[in-house]
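The next block holds one structure in the form of structure tokens; read it before the comments.
A, B, C, D and E label the chains in the order they appear, each numbered from 1.
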Amino acid sequence: MSSSHAHDESAEPQKGPKVLAVSPKNPNVRTIQVVRPENADTTFLAATATGLGITIRHFGKNLLLPRKSVEALGQGGAAAHVRFKNDIETIQYPEEKVQYPERYRGLHRLMLRDDGAVRCVACMCCPTVCPAHCITIVPEESSDPSIEKRPAVFEIDELRCVVCGLCVEACPCDAIRMDTAEHAKPVEERWEAVENKASLMGRGIRSTATQGGEGPTWRDKK
Amino acid sequence: MSQKVLDALLAKHGGAVVHTESVHGDEVAWIARDHLLAVATWLRDEPTMAFDSPVFVTCIDRLDWRPVGLPPSAAWTEERPRFEVCYQLRSSTHRHRVRLKIAVTEKDPHLPSLTGLWSGFNWQERETFDMYGIRFEGHPDLRRIYLYEEFVGYPLRKDYPKDKRQPLVRRDDLPVNPIRKS
Amino acid sequence: MADLKQLVLGRRDIVDDSDAEHELPHEFMTVNMGPSHPAMHGTVRIVLTVDGEKIVSGDVQPGYLHRCFEKESEHATYTQIFPYTDRLNYVSPMINNVGFAMAVEKLLGLTGKLPERAEWVRVIVSEVSRITDHLTCVGASAMELGAFTPFLYFLKAREWLYGLLEKVSGARLTHSYVRIGGVNKDLPEGWLAELEFNLDKLEREVMVECEAMLNNNKIFRDRMAGVGAMTRQEALASGCTGPIARAAGVDYDVRKDYPYSVYPELDFDVPVGTTGDCFDRYLVRIEEMKQSIRILRQCIARIPEGPVVIADPRVALPPKRDAYNTIESMIRHFKHIVDGIRVPPGETYSFVEGGNGELGFFILSDGTGRPYKLYCRSPSFVHLSTASSLITGHLIADVVPIFGMINMIGGECDK
Amino acid sequence: MSILYAILDWPGTKWLFLVFGLVMPLASLLTWAERRQSAMMQDRLGPNRANIGPIKLKGILHFIADAVKMIFKEDFIPASVHRGLFALAPILALVPVLVAFSIIPFGPTIYPHSLFDKLDPFALAASDPSMPLGAFADAIRMQMFQVDFGLVFYFAVLTLANYGGTIAGWASYNKWALLGGLRSSSQMMSYEVAMGLSLMGVFLIAGSLEPGWIVGHGASPQMSPANPLNWMWLWQPVALVLFLTASIAETKRAPFDIPEGEPEIIGYFVEYSGIRWGMFFLAEFIEIVFISAVIVTVFLGGYQFPFLDPDGFRVGGYMVQEAGTAISTGGLVFKLPHWAVSSLQFGAFGLKVVLLCWFQLMIRWTLPRFRADQLMNLGWKLLLPLSLANIMITAAIKLLFL
Amino acid sequence: MPAGLAIAFALGLGAAFTALAVLIGPKATNPEKLKPFECGSEPIGSPRGRYSVKFYQVAILFLVFDIEAAFMYPWAVLYNKLSIGPNGMVSMFGFVEMLTFVAILLVALAYVWRKKAIGWE
């Protein structure tokens, strides 16, 4: 497998893979040949022994050592450097829940004004941009003279929703958000998956993005 | 990028090439339908061309073509061929690409198949047939590929409504068990 | 002694045609493999005609997952297409996002004008996606060959990477992260360090273990080597790209031959195989994962600071703060949402190196906010078209590694 | 009293005890153990939820849930199957393994009247087994079926297990099942030969086909059968590997699970569901236990606890012949009563069997699956010549050192 | 006799399981469910066709080799006696006899191997 002396006339003991070509555009981009284990390198017994060595090590480790904490599990591989813990990655869902990342797109919610009214002004941006056509808004005149319109009906069919987050981006007044870190609930009937205005507002909080808001947005970040 | 391909094509097959252009770095050559096979064979076998690899086949349906910002003359009219079949080719040795376009009329949507030259076009031509109803003559196995045989119409044509429904097809031909029968 | 030898080995001077002559009559059996079959991931039907265990012919029929990507795209704005592209190759959605965005940017004339950090972020997420793609492919193939344990080790690592992509984009799989003119959001704080840690863990633990369990394993090797071999000529003529073509010795990688984004600045190796069989495809994929890790390490070291989306009002949404406060931005915001990004009339074919090979988007724009025509050159579809000839002559059991190493992704193949 | 002992010594009692007291629980537990163990190997948790109220036991109760589920599942028979054979196939798969257990000596001979005495092997050898009364009367032999052709009976019976898969495949009127059945029969046949031949070396050394004899005497008459060095694993290592390989192939489990080969052909039991499928499944797990029991009996000293002779632990003893029986004596002895010795020996047998089951599961989850032709090649072109060579080399060595 | 007992008991157990299935299991069939399962597609052709002769070859080979192996059991058991000649000396008789037998077996194996009757190719 490694270059034998018999036919290697260039006598250039090369380490690493065999280089077939070098890209003319970038000398550091090379075409290499994959190292193929030869037939002689592979045997049934050795392979079985190697494999068993690895699996038995995992088995022993997972049998003897305690599990990682749920916090560590939710962090993917990064928090795995908890010492003297086993490798088990399973999260037992209803009892153990992972911390979703900040950007996690979960169930929608409608944000509230300071007086608890809905922030949405029924501008129809989100139903327009939604690729799944899952948002239904019926606008009505707002009782507040400073606000033109508000949604009389605001429904999101969470079964149709593809959770792309375009509605959040399209909202010009921070009225709809997906940062609830909640899944769509399992339902028995299709209509139960339709979230109405009350349930969407029920999850809502007061928006911090006041008009004329100060402070850098994510796009201004250096 | 590969202007020399178009130049060579014009020089060699001037009669077959209707028109050439370069858009966004892609070289396009309109080829007359009857000369397609000859041009394609030459492109594959000529060492300076050596288009050894197919990239894709697709078709453009110009039925609603009313481009915004272009003069009305650019819009599609009944007199022009409705379909354009695009063949994109790639050369692994010269690293150039070319797109062949063949105008195909609505009444008689057929053109010679290039499957015999590049086997990779087999399924792609079937796909184009399936979606646009273009018949590739000489194709060894021109069947629908994504859709079922009973499907009515060609869904990617512009006159096929997006939400058109198809009749439900049932197949009930359970073979009779010889043992139970006896 | 010579007689004994003759007795055992048969007479050399007599042509041995006994097998051909005296074969008892038997019938070929036609059997459906798929669509609902454990090995036909992504629902494909193969109508096999078998002689005992040997495949005489196989008619591969995709289409059970047809999603009407192209028809739907013609009715969606360019931004709305991103969620659809997520579902093309659903094990590496970021690359699809990037590929589609690049095609639109080419029509807009924005190629090369993106903020530098946006390009680097795109490369980082693409390469992470490429690793997840290969992990899935290699792991799933190993699992279908009965090696369930390496499969779960691979998936464990894939889960870490998905977790990272989730932190960036907000979703594990359907990221919809890239936008025309850049990306949606910048990388979170400390994300690169976490990525580096996970890459180390992947390279030093998972890949080492799995290679030890698979590469030199005679059973695995025998199942893969010499199975579904494809010559360089066949690979080229059938339009194969990506790991399958490279395994057959085709030295073609879009990142190397038509470098895009920041790939010209990066150092990496393109692995190619010699025999073009399933084992070479496996090895190429394993090596590509290592190269992707190498690329990612360079990216982590070199990524510059700066904005991640272009400041061009034609393509990017105005910043939220401006949309809240200034009427111009508000109007632009509405125009953007309602009309979509207006792309000048023209057509282009733009391609990137996807997880499975050349992933191209052919877009014809008529100047509105929606593509007049969008065609996706999906590598899985091209590769699957070779499956019929690859499985012919092999045993039924060989369909599994061949199909696994073609890595047909239903969403991409059936579009 | 002696009627009680007669009932206890009745082969049927032993079979019931063996099957319902040992094999079925172990096989059922294996269905749970396989899932838990594979999970542990693969960094997962595995099933751990089955519980009855507060009794959780890490999901051990899973096998009960499985059984209940399978019994209460629809007894579903597709329209086009051959009904008689369809119903017969799972029974045919299950019966041979259960029958084959009758040759396994699963414990020492119990002398109920001297249960609390420290056994004197010399007195035992001198005693007349036909005597109706006395300390050694009413002996209960922990082996149901003691015949000279012992292990040949096992080969013969296990060959019948072939029919289960084959008939299931044919009766199902399903092409995948048919392929599975054909694969199953050709695989079992191929490995049957190697399996039979691989044990020939053991028979050469022991000079007997009777498993009880092999356990009771070991490889060499110069050493106590309780000495681990006297067990066949040391004398026939090649045979051990060959037999293990061939018998894992006989159980039709990975890496030899091509008759099932889930991702390829779905297996000969595609059309089976509920308890009928469960019988195939159970047969497979019983076969694991059985293979372990055979290997323990033949190669690992059976019920022998290391250095535990019938009268207690002994280090540095020697063998003497007394009334045609080889008895270990002398050395440093730690005498134990008969009940303690017997319990330890039962325990040793159980532990060895469990360990081998564990090992088989370990292998199953480590290796990929063979392809049909590679499997054939391995059986015919590697195992068969190797076992023939093993026989001849064993015979030659035996000739030289006789 | 004990073997017959075991067979009877085991058959009884199998029958009991089947009876459980028949008695307890619910019945709810429909025509779709009663079709043979072929990956969700309509089956093409019958599975009762004549299948490849290669499967039979294995069976024949098995018969040949297994019966030959059966001759070895008595030899193995009696090997001790065969190895002691009439004069109490070591006798090669048993060994040579079996060596010849195995050699013939190997020749047969080599022939079958060469004829590609084992495996599927």
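Heads up, the rule we're going with is that a contact is a pair of C-beta atoms (placed from the backbone, for glycine too) under 8 Å apart; a residue touches a chain by one contact, two chains touch by 3 or more.
Keep in mind that what you see is a predicted model, and the values were worked out from it rather than measured.
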item	value
Far-end chain from subunit E, centres as C-alpha averages	B
Relative to subunit D, chain with the most remote C-alpha centre	B
Pair joined by more contacting C-beta pairs (A-C or A-D)	A-C
Rounded Å distance, subunit D centre to subunit E centre (Cα mean)	18
Distance between the centres, which are taken as Cα means, of subunit B and subunit A, whole angstrom	38
Distance between chain centroids, defined by C-alpha means - subunit B, subunit D (Å)	65
Centroid spacing, where centroids are CA-atom means, of subunit C and subunit D in whole angstrom	48
Per-residue overlap in subunit C, given as positions that touch at least 2 other chains	29, 31, 37, 53, 149, 156, 213, 217, 219-220, 251, 257, 395
Two or more partner chains touched - positions in subunit D	41-44, 79-80, 173, 175-176, 266, 365-367, 372-374
Residue list for subunit E, restricted to those that touch at least two other chains	31, 35, 38-39, 42-43, 45, 47-48, 51, 55, 120
Subunit B to subunit C touching residues, read off their complex	23-26, 52-56, 58, 60-61, 64-70, 74, 86, 88, 92, 95, 99, 118-124, 127, 131, 144-148, 155-156, 160, 162
Touch list for subunit A against partner subunit D, complex	44-45, 47-48, 51-52, 54-56, 58-59, 62-63, 86-90, 92
Contacting residues of subunit E [partner subunit D, same complex]	1-3, 5-7, 9-11, 13-15, 17-18, 20-22, 24-29, 31, 33-39, 43, 47-48, 51, 55, 58-59, 61-62, 65-66, 69-70, 72-73, 76-77, 79-80, 83-84, 90, 92, 94-95, 98-99, 102, 105-106, 109, 112-113, 118-121
Contact footprint of subunit E on subunit D as seen in their complex	11-12, 15-16, 19, 71-76, 78-80, 87, 90-92, 94-96, 98-99, 101-102, 144-145, 149, 152-153, 172-178, 182, 185-186, 189-190, 192-193, 196-197, 200, 203-204, 207-209, 266, 270-271, 274-276, 278-279, 372-374, 376-377, 380-381, 384-385, 388, 391-392, 395-396, 398-399, 402
In the complex with subunit C, residue positions of subunit D that touch it	38, 41-44, 175-176, 179, 183, 254-255, 257-258, 261-266, 365-374
